[in-house]
Amino acid sequence: MNVNFFFEVLIGGLLSGVMYALVAIGFVLIYKASGVFNFAQGAMVFFAALTCVGLIDKFGLSVWLAIPITIVVMVVLGLAIERVVLRPLVNQPEITLFMATIGLAFFIEGLAQLMWGSQVHKLELPIEDVPLQFLLDKFNIIVSQFDVAAAGICALLVTALALLFARTKVGRALRAVADDHQAALAVGIPLQRIWAVLWSVAGMVALVAGLLWGARNGVQFALTFVALKALPVLILGGFTSMPGAIVGGLIIGASEKLAEVYLGPMVGGGIEGWFPYILALLFLLVRPEGLFGEKIIRRI
Amino acid sequence: MQMNEIEAHLGASAGRRTGPVILDMKNISLSFGGVRALTDISFNVKEHEIRAIIGPNGAGKSSMLNVINGVYRPQQGEIIYRGEHRRNMDCYAAAKSGIARTFQNIALFKGMTVLDNIMTGRNLKMKSNFLLQALYWGPARREEIEHRIKAEEIIDFLEIQAIRKTPVGRLPYGLQKRVELGRALAAEPEILLLDEPMAGMNVEEKQDMCRFILDVNDQFGTTIVLIEHDMGVVMDISDRVVVLDYGKKIGDGTPDEVRTNQDVINAYLGVEH
Amino acid sequence: DQFIALPSYRVGPYAAGGSGFYGGVIDYFNLVNMNGGVNGVKISWEECETEYNPSRGVECYERLKTKNGGATMVEPLSTGIAYGVLDRLPQDKIPMTMLGYGRSDAANGKVFPYVFPLITSYWNQAAGMIKYLGDKSGGMDKLKGKKIVHLYHDSAFGKEPLPVLEALSKQHGFELIKIAVPPPGSEQQSQWLQIRQANPDYVILWGWGVMNSVAIKTAQRNGFPREKMLGVWWAGSEEDTVPAGDAAKGYSAMTFNTPGNYPVMDEIHKKLYDAGKGNLADRNRVGSVYHMRGVTAAILWVEAMRTAQDKFGKGKAVTGEQLRWGLEHLNVDEAREKAIGAFGMLPVVKTSCDDHEGSGAVKVQQWDGKKWNAITPNWVVGDKALTRKLLEDSSNAYAAEKKITPACAK
Amino acid sequence: MTMNTAAAAETVSSQPYLSVNNIEVIYDHVILVLKGVSLQVPQGKIVALLGANGAGKSTTLKTISTLLRGERGDVTKGEVQFKGERVDQLTPNELVKRGLSQVMEGRHCFGHLTIEDNLLTGAYTRSLSRPQLKEALDKVYHYFPRLKERRASQAGYTSGGEQQMCAIGRALMAKPSMILLDEPSMGIAPQIVEEIFGIVKDLNQKENVSFLLAEQNTSVALRYADFGYILENGRVVMEGAASDLASNEDVKEFYLGVSGAGRKSFRDMKFYRRRKRWLA
Amino acid sequence: MFYREAGQFKTSYQADNQIFPIRQDRIALAALLVVALALALAPVLASPYALSAILIPFLIFSLAALGLNILTGYAGQLSLGTAAFMAVGAFGAYNFVLRVPGMPILLAFVLGGLSAALVGIAFGLPSLRIRGFYLAASTLATQFFVLWCLTKIPFLTNNSSSGVITAQKITILGYEFDTPASKYLLVLGVVAVMALLAKNMIRSNVGRSWMAVRDMDVAAEVIGFRLMRTKLLAFAVSSFYCGVAGALYAFAYLGTVEPEAYNLDLSFRILFMVIIGGVGSVLGSFLGAAFIVLLPVFLNVLAHGLALPTNVASNLELMVFGALIVFFLIVEPHGLARLWQIGKEKLRLWPFPH
């Protein structure tokens, strides 16, 4: 076996994992803070990226101008979601809220394409997606500098959000909300304001994910599918853990690539579609709440 | 179990009898991580008696019940139930061998009606397989109706006829407690474990509840293990009381003995009741 | 008038392709109507949103088929939907075209009288690809010992060409390496690492949707030259290359509608878009691959209408059954193409009961960073004898399974 | 006892701090639960809300704290005033900021948070410095030493009584001027029940906090309260000074379990009590 | 006035245990069935379009939704792999007919359903430890794995090069079901019988065991339900229903199918039906299927009526669809079935408001 190749696969997998984690963070954020499994996360990623690119392509704005404007748009979207969807559904069962986010996903997908058309776009970020030269020269290993930058951004985001949850009053309140809406209201946590802020932040996280994935794959409807890549990461790392998203991403990314490369050919290939799910499932059998997820309290 | 029968029987309650030891807990210890919920506790329950467990909050009373019917597995100790020695119980075996219970934080099936909840209590007695049930035919149908009759008797007994078809989630707390008792009774248990069955009730309702408990005990000879914080109730209806504090046993005996035990007064009662 | 059912999709993951294709179709219909229709018969149509979803597509088909006195033709541009209505066509007597998709053996008119995979099928495309690669390497014999990767969408679509590719690899002695990409294919790092490891001479990109641009991008990330990549015609549109940005430069793909300037396209620009009557919201997309593919399809349909009218009466709308006859007796030769103003845009198409494809020729186009350019001056035709045999075997097996006695419709 | 009688002797002279006027509540659009309930809580007083299971006590409290919306309940009539201002359209957060806190029935702790974090969320509406927070925490721990021992445990794993204490402590952290207490004694050891009511009295007297408490433990409640309301079937059927209620024969019989002959043993109840309804 | 149960006394528990204890409901259901039958027999009432493009898929989706509802609504196990079970049913039935000479088609459907049930049990095993959204996400493993197998194992698709199968003709006792009306009747029959069976299961001990496990599994265990058995039975029954629905989808609706027809999208659509219709309600499965099948059609027709440009119309359609889902959830989080029930309750009280 070629050791060099092995490392290349491994590193490529780890970096892909970081990209998955980027999407998973958005899910964790909302789930941890309100107990809502946000089906619309993929749609938000698409919406954010498309808005940004639309501003660039249609109105000729520069990236640096388009991004702040998109942030404003995402905040407005967050506020609207809180007002129209979440507020009337306080204290409803998880499954209802989940369904509401499905409705939301349809709405956002329609809105995005209505505003910007169904055309695909390219997105150029200042970081190029080419192999890092010195690694290629020295070890003949391909590592894209884009991925390295993405990993940096991802680490930054996770650290910031993890600190928010662990260290601040708002973070504590958010975790409380996820446990019990009614009780959170009763102690005076301003659920509505908190949710509005939360969804706005989730919108921004979606924008980051959208920009990075968009630069990689182009900005097109299929961006909504990246959520599928994030799900196994999510269950492996735990729905409620920011670091879990990263660790889960790394494990899933690396193992799915290794499996595809080394096991795939034996069974006809294309196993990446289900392998991460089965892997996550096996992990769950040992730890039903993921690697770092909060234990589900079942007591009578 | 007809109403009139029960009422006719009430007079006979004076002649109470307790039998041999049916359940013997030996040196039970249970801890959760660092928290020692139970430390080396032994006590026994005799047939037909009403055995109360009391103690301050967090003393380990509920945990004890959980050990008895197999929700928790103690790290140490032995359970002797009807002469059989076991390291621990498991839920299904416990139910199968006639242990039923109610819970401190009501554990009813929220989405189901009162009637359905009580019917679930009879599940171990239902034999027909699921294909017959799907066809709702022959034996399955007969069985269903038979058990429905039993369930209705319990509903009558607990005077909850009016809410028979209401989903339990909507009921006020006190009624839910009663339905839970009904579900446990439906299993026609030999030992009934009751975890604070009277919390959240007013005196009138407590009186009714006591009556139910005494009747069950008299009528069917059901052994009852009861946790309760209302000392009036405990002292009035129980035969023997075990007192826990911080996971340790600090007293065991008749209500009168316990009432005057200085340790118990210090740890729990505060004043003599 | 002549009513055509258009179960189209303009939302969802494939919206970009759907809107381009149906935009082209409608543009050409409008143009024909402006010019007086088909011998005076106006074409009418109705669109119905399918979201590329089989059950919604079937509903659309059923809804449209009885409208306006009955639809006389249908084109869903989706394999799933096409399969969903396949069984219904003979009963309803409505012909369906499948331009460049669906089961390749449907070209056998004896078994599938109402289905028309016009111009070319996946099998002919695969044969054409190998032919092209052979020519490029300097002759078919030079393929011996070469490595060709078949990087495919892991679905019925991606597996369709395997019999042809496998047969040709045996025949010409090249090594065929099959690498599957699980749908939707938005991540392909491991596949491209495998490709890098194998170091093949060519990569056939048998992709669809987002998979294509990701493949191109990932090829770049892994330093694989795009010049060695050859995509299928569903991996050869602006929608596939634009999102990949500069990475797509030099990438080539198959097509059956040659990019370029044609009088008919000019006319569409002038008569429709200048007058604000074009179907596409974004005028830049006029003349894009999907748009031209729509125009191409519409040209063939209109030609079929003419052919049918020639037989069943000029100036009268034809029925579905008659239009089926027209589709089966198409003869769009060079002269006809010139008359339409589309010479060279599509190959010569001549259908018959045995051959509902009518051509089997393909072209190769290359992306120069801004637009597609044809790079094969002539139409490429692969090993048709091979595909013919496969077609017969497969369609006869189908007929046996379905208890159909193969026969030409009258 | 004497103290209570003295308090009750004062008539309701002060302007009501909280007043509920003729509210009607419907759950799920069809279940009518409160049929015109009115009550007042004067400033600095303790008011008890009594009634059988299902009478509507919890619903009344939830209406006041506007938590009803989350349970698909609608207030179809009536209004609630707090400190002379209509509050039925406010959010619970605004109410807590104005000084009105609720302890909900059935504990409702945040199961995944530790006891200490649970308590800290209680102070969300106050911006406190670290030492101030510590002080507030210490006060709660002083009241409930058991909580201090379990401070680092996740609330979901504590015993029923510990959770109840946690819920009460959490409400205290907001330093409210009015507290709605829903069955504070439920599942609490008798000693602690007395302590909790002691705390109530303490806060009431030292910090002038007003209380509206729904309670099943009628004897204790009436011992500590100034006024009482009795709810049956969604209506107020009796109201008055606590001492008056405590000596009312009907109340004695049905809520205190003492009939003419004094308290009877639970064992000696020889028949099921046919419920006498006040307004049936 | 017309919807009153006053005056209907039940003299036996048997009467009270009926599926529809209230007489008006029974009458309504009977009327509905008569109408459903009449639809097929009188072309005046329902065009072939309505039968073959609306009613047949509606019934098939209802059956699948019912299957998922048994698992998710009654047994509380959220699943996103419904389409995979449908695929197993369809490809199973296809293979049984293909490989066993003289296999009666209805038996093949049942066997297809049973194959799905087996797969269901295998993938249901993790549910013993995994709960909630964790389980939901891991059921995606089923979805992707089953489809992958169908594309990779040529035997399953009778060595068809592309993995496409063509469902055999439906013939029962020599009668060929080939018109929309006859197919509709067949589907109606199957669905009606299976809905009845489901209703029976749900109101007897199996159903109660499912609901008990859903509402509080620890308590269910204490009462004597065996978690493993109950959950696996729910998976098996649910997948059986989905499998039969999948077979009907292939045989009575699409005809020619590729594995892709049973993609994740379909799984989601069926989940939407369950949630919109009402989690834990047989009626809800039907209402939900109607909503998801009919609403887009209705919106599509409406959008055409407005003569909007097609791409605008298509996007608006999607937005309105999403907005309506949210709207209905806000009006009634427990789904259309509950809305229906509340409507009935109001009717019962009418004209007195309370």
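By written order: A, B, C, D and E. Residues from 1 in each chain.
Criterion: contacts are C-beta pairs under 8 Å (C-beta built on N, C-alpha and C of every residue); 3 or more make two chains touch, one makes a residue touch a chain.
Bear in mind the structure is a predicted one, so any value in this text is a computation, not a measurement.
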| item | value |
| --- | --- |
| Lowest number of touching-chain links that must be crossed from chain A to chain C | 1 |
| Chains touching both chain C and chain E | A |
| From chain D, the most remote chain by mean C-alpha position | C |
| Maximum centroid distance from chain B, chain identifier (CA atoms) | C |
| Contact-richer chain pair [B-D vs B-E] | B-D |
| Computed distance of Cα centres, chain E from chain B, in Å | 41 |
| CA centroid of chain A to CA centroid of chain D, Å | 44 |
| Separation of chain A from chain E, taking each centre as the mean of its C-alpha atoms, in whole Å | 32 |
| Between chain D and chain E, centroid-to-centroid distance (C-alpha), Å | 47 |
| For chain E, residues contacting two or more additional chains | 144, 148, 151, 216, 218-219, 222, 311, 315, 317-318, 333 |
| Interface hub residues of chain D, defined as touching at least two other chains | 157 |
| Where chain C touches two or more other chains at once, by residue number | 10-11, 15, 19, 154, 182, 281 |
| Which pairs of chains touch, using the document's own definition | A-B, A-C, A-D, A-E, B-D, B-E, C-E, D-E |
| Contact set on chain E toward chain C in their complex | 47-49, 52-54, 57, 61, 98, 144, 148, 151, 158, 161-164, 166, 168-169, 178, 253-261, 265, 293, 296-297, 300, 303-304, 309-311, 313-315, 317-318 |
| Chain D residues touching chain A - in the complex, by the definition given at the top | 65, 67, 69-71, 91-93, 95-97, 101-104, 108-113, 117-118, 120-122, 124-125, 154, 156-157, 167, 170-171, 173-174 |
| Residue ranges of chain E in contact with chain B within the complex | 12-14, 16-17, 197-198, 200-201, 203-206, 208-209, 211-212, 214-216, 218-226, 233, 237, 280 |
| Footprint of chain A on chain C - complex, ascending | 10-16, 18-19, 154, 178-184, 186-187, 189-191, 193-194, 196-197, 209-210, 213-214, 217, 220-223, 238-239, 242-245, 247, 281-282, 285 |
| Partner chain E, residues of chain D touching it in the complex | 26, 28-30, 32, 72 |
